[in-house]
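The letters A, B, C and D name the chains in turn, as written, and every chain counts its residues from 1.
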Amino acid sequence: MSFLSIRNLSVQLKGGQRLLRSVSLDVQPGEVRGLVGESGAGKSMIGKAILGTLPQAVEVVSGEIWLDGVDLLTLPPRPRRRRIGALAALIPQDPLTALNPSRRVGPQITGRLIDILGWKRPEAEARARELLAEVQIDVVERVLRCYPHELSGGMRQRILIASAFAAEPKLIIADEPTTALDVTVQKQILRLIAGMQAHHNTALLFVTHDLGVVSKVCQTLTVLYGGLVVEEATVRGFFNAPQHAYSRALLAATPKYTDPDASLLPVPDAVVQALEAQVAAADRAWHG
Amino acid sequence: MAELYTVSDLHLSLPDMTRKPLLGAAPRLEILKGLSFTIPSGEILGIVGGSGSGKSTLGRALIRLLEPTAGSISFAGLDITHLPESRLRPLRCRFQMIFQDPMSSLNPRQQVAQIIAGPLGVQGLDHSPARIADALDQVGLPRSFAQRYPHELSGGQRQRIGIARAIALKPEFILADEIVSGLDVSSQAQILNLLAGLVKDLGMTLAFISHDLSVIRRLCTRVLVLQHGRIVENAATEQVFNYPQAEYTRELLGSIPLPDPDQAWL
Amino acid sequence: MGDGRIQVRRSAGARLWLSAGWLLFVTLIAIFAPWAAPKDPLAQDLFSGRLPPFWVQGADKTFILGTDSLGRDVLSRIIFGARIALAVALIAGTLTCLIGATLGLLAGFLRGWVDVVISRLIDIWMAFPPVLFSVLLIAVLGPGLFSIILAIVVIDWTRFARVIRAEAMGQGAMDYVAAAQVAGRSRLGTMLVEILPNVLPTIVVLLTLEMGIAVIVEAILSFVNLSISTDDPTWGGMIAEGRTSVHQAWWVLVFPLVTLFLTVLAFSQLGEGLKDRFDPVLR
Amino acid sequence: MRLIKAILLRLVTTAVTLFGVALIVFFVIRVVPGNPIAMMLPPGATDADVARLTALYGLDKSIPTQFLIWSTGVLRGDFGVSITNRQPVLALVLDHLPATLELSALALFIAVFLGGTAALIGTRLRGTRVEAAIDVGNGMALSVPDFLWGLVLILLFGVLMPLFQISGRITPSLTLPFSTNFYLVESVVRLRFDLTRDLLSHMIMPAMGLAIPLAAIISQLLKQSLKEVMHLDYVALARTKGYGETHVILREALPNAVLPTLTLVGVQFTFLIGGTVIIERLFSFEGLGNMAIDAVINRDLPLIQGIVILFAVIFTAVNLLVDLCYAAFNPRLRHG
């Protein structure tokens, strides 16, 4: 069985609109899967549902999330949190808000190891040093004692990556991890994530809107629209021959600096209408 | 082609409030460190650079939302470097701006009709409902949108209102500051196509600020690459993309992930 | 969107209608006080002093809510007291709002020396204990409706100025202000056309809040015996008398207190309700 | 170094503020028509009496001269002599100050405790009926000022269920072993818990009356601030690490949510101290505020001036203290 297996997951605003419409998704050990879609597609919701960080106003209405052979949704809250904490980790979008400004960097990396996994403090600190070296921070001792505001955005993103890999998780969810960064920094960070992933052989669910990034980092990808899975493919298969009309339209709308003459084609109305009809049909099936 | 803008040795510094001592003035942070370039009429100039390169500051200096500390900016032969606001006001309809974040740049408590009519009224131009309807037609929005508030629109629609507000004044020059950075690729394509069409039809000059070189290449005739407040490259678009001169330009180009799994990148 | 928001909307509507209803009721009673009041509010009758309300043993049924120590009808005094309370609320609240909001708007939007001067004034004002300041003002101005209104305006303009200054400053940093400048709008025009509509919801909330506070200040001043002449029926004066005889005649304190409490609550809820109902951004 | 500079600057602005307060109160009392001396004297006093008294208090001189004389006196610690009590103003004021300080401190303690608890419970149980109830309670408590809450408390716990005392600071028949006027503190220090009980039974209702609106403000601000912080990525990140909700709120969110609340609470605390004036009157509590109203009614000009200045000093001191706390708790300022 897959390491992560999502079956028919539906998520909705409490008492309102559905955000994920019966989504199924598999991630094998060591696989890097891209989750692609435009805003409102529900790509971030999937990550949040797995990690149990859905907003207060959002609830899971049906489905299963199997992580390493256990359906997370059947577990009581505390064991579920502990299991997620031990097996999975998050690389968040905005490095500026993802570190607690009132705590030093060191404890923020070692916290999970000591509090959740019961490591001894010296072991955890040694592990933190090792990880910071691995993400190419050379002034390790100083950085561990810094407050987040004393560090640059790229540096903070490195620390977050180190922290995500700290407990050797089997699955990492990266939620638009480079959207807030300059392109030159983005390249360094992506290189780092890809290298760490390969070295630790961690499964990676990479949420992004940028097809360029997907083509560089991922092996497989899932395209979403309106909380529906539109297409699942290998990266090579997708970019060489996208199957769904929406996938083709997304590719055509993405500007490429190497191809100045390709005029940008907006997603055709017919494609959008067909998708909306699919969404409506899914909702009818759901309510009926 | 006549030069619409001539910028020479432009310097601009802003007080750095984070380092302000408790008594006395804040130290000044030099953001633009001597820029010289021209924008010929009818050109679409791309201004590109990373965060902190000074590209937005340069934009705001061009339309005199900021006053330069040294150097000069002349617009259509007129030195506007230090013109007081009262003398800029009659000129303002000639250079306009489209903002990055339409949520912040559209007054949340005005309806679309008021938002577009406001500048027309201030400049003493026709701001009748018919004129507003025209403006909405131009940016491809239904006329019924005149009665909506900004929060009732999608991101792409809001940005169209921003464009409608700017072009309604029939300016000679438009500054577009990262106007598609918050949008999905499909709305991004629509907005870029709309803007390109309008600029061509109305014969306007455009400065397009962006961090995205792919977008710049699609749209612009000339590119200005900024780094740390200095121009590192200023050349025709083809030139910049095919034979980049500056080290920084090459680094920028090399950092862009193309949607193509065969490009060796990492 | 979800049910939650509809529920909030519904309760906000109920809040608006309940508070507006109560205030309308009090206003009508105040306007038609001579007809609404069952007795003359000033008529003393020492033989029927401290009669309890009608349902209590030993009551005189014609004094519905009982009488005070001088035998004056509590209900009639509450009804006539509403006149002074509402006059103070409307006039003092509006004047305070106009002065405070204008200063706050100017300081927050124009910044520079205007802000320095107004902020320093606010600082000085904030260093006064407001109740003591108002008591002091009434002492030097002499009692009377005009003095009360003046005292409220003088002590409370900072409440508006502080909040509106901060709001105007926040709005001033938004790009739509830059857009107005690009369009060639003057500073004053921008302040009135662009900024004011955006701080108006806050002004409305503060205004109704201030009306409630004005009623309280009047009551406090009556309580320390410095408000209107002692004969005129005021809620504060009745509360002061009720406080001294609370163990003998609780009704003299309870009824004016409940009226005052409801009125103050209604004013504050009215503002929130109006904002929820009419602000285009929230609607 | 920066901190010292900041404190110096604050002291300068504080001095300007206090000078402004002194100036305003001085002129308000004098410029407005009415002869304070005539009001001071009992009916039947002769013109000669008035003239003699006027000269005695220096009121025959021009107002700027009077201000100069008074302010140089103040700088030497001489606030003049009270007209009604014939005692030095400073001594009188310092006599009554402890009662007011103890009352304010107790009220602040109650407000922080109630408000903080309500905010934390409301945050932990957000989206439930408990949160809705807390919001409604906050709204009620906020829109009704301390004066009315005091009256409501008198009715509820003084008359309906007579649990507490409704007037005075301590039962008058008790003999007091105290050497300072900090009764509450001293009763605890001397282990006289019988007196502590009696004092608290007098103080609890005025303190509650003062505390209710402040508690609501603290609760609302802290809850709002927590809500904003809880949306930030580092809180989500802590959840994914396996921490429970309570840990996330207390350890991750609270330290960052407290700072913005703190600055606003400072201002609100000065309002609470200002509120003691009417609350002390309402509960016949013999503190500074009660004395202030007596002073106004008796037209005791030197005493009024002294009290107002003292209040202003307290207010500015509270604000200074809050700023220092802010600097001390904020890592951004600590490690510039």
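Here, a contact is a pair of C-beta atoms (placed from the backbone, for glycine too) under 8 Å apart; a residue touches a chain by one contact, two chains touch by 3 or more.
Here the structure is a predicted model, which means the values were calculated and not measured.
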> Which contact partners do subunit A and subunit C have in common?
Replying inline: B, D
> Comparing C-D against B-C, which pair counts more contacting C-beta pairs?
Replying inline: C-D
>> Suppose each chain is reduced to the average of its Cα coordinates; what separation in Å results between subunit B and subunit C?
In response: 49
>> Taking the mean of the C-alpha atoms as each chain's centre, how many Å separate subunit C from subunit D?
In response: 23
>> From the mean C-alpha coordinate of subunit A to that of subunit B, what's the distance rounded to whole Å?
In response: 33
> Just curious, how far off is subunit D from subunit A if you go by their C-alpha centres, in Å?
Replying inline: 51
> Could you say which residues in subunit C touch two or more other chains, in rising order?
Replying inline: none
>> For subunit D, give me the residues that contact two or more of the other chains.
In response: none
> Hey, which residues of subunit D end up touching subunit C in the complex?
Replying inline: 13, 16-18, 20-21, 24-25, 28-29, 32, 34, 139-140, 142-145, 147-148, 151-152, 154-155, 158-159, 166, 267, 270-271, 273-275, 277-278, 281-282, 289, 292-293, 296-297, 299, 304, 307-308, 311-312, 315-316
>> Which stretch or stretches of subunit A touch subunit B in the complex?
In response: 38-39, 182-184, 186-187, 190-191, 194, 209-217, 235-236, 239, 249-251, 253-258, 260, 263-267
> Which residues of subunit C touch subunit D in the complex?
Replying inline: 120, 123-124, 126-133, 135-137, 139-142, 209, 212-213, 216, 219-220, 223-226, 239, 243, 246-247, 250, 253-254, 257, 260-261, 264-265, 267-269, 272
>> Using the touch definition from the top, list the residues of subunit B that touch subunit A in their complex.
In response: 50-51, 155, 184-190, 192-193, 211-218, 237-238, 241, 251-261, 263, 265-266
>> Under the definition above, what is the set of subunit D residues touching subunit A in their complex?
In response: 126-127, 232-234, 236-244, 252, 255-256, 331-332, 335
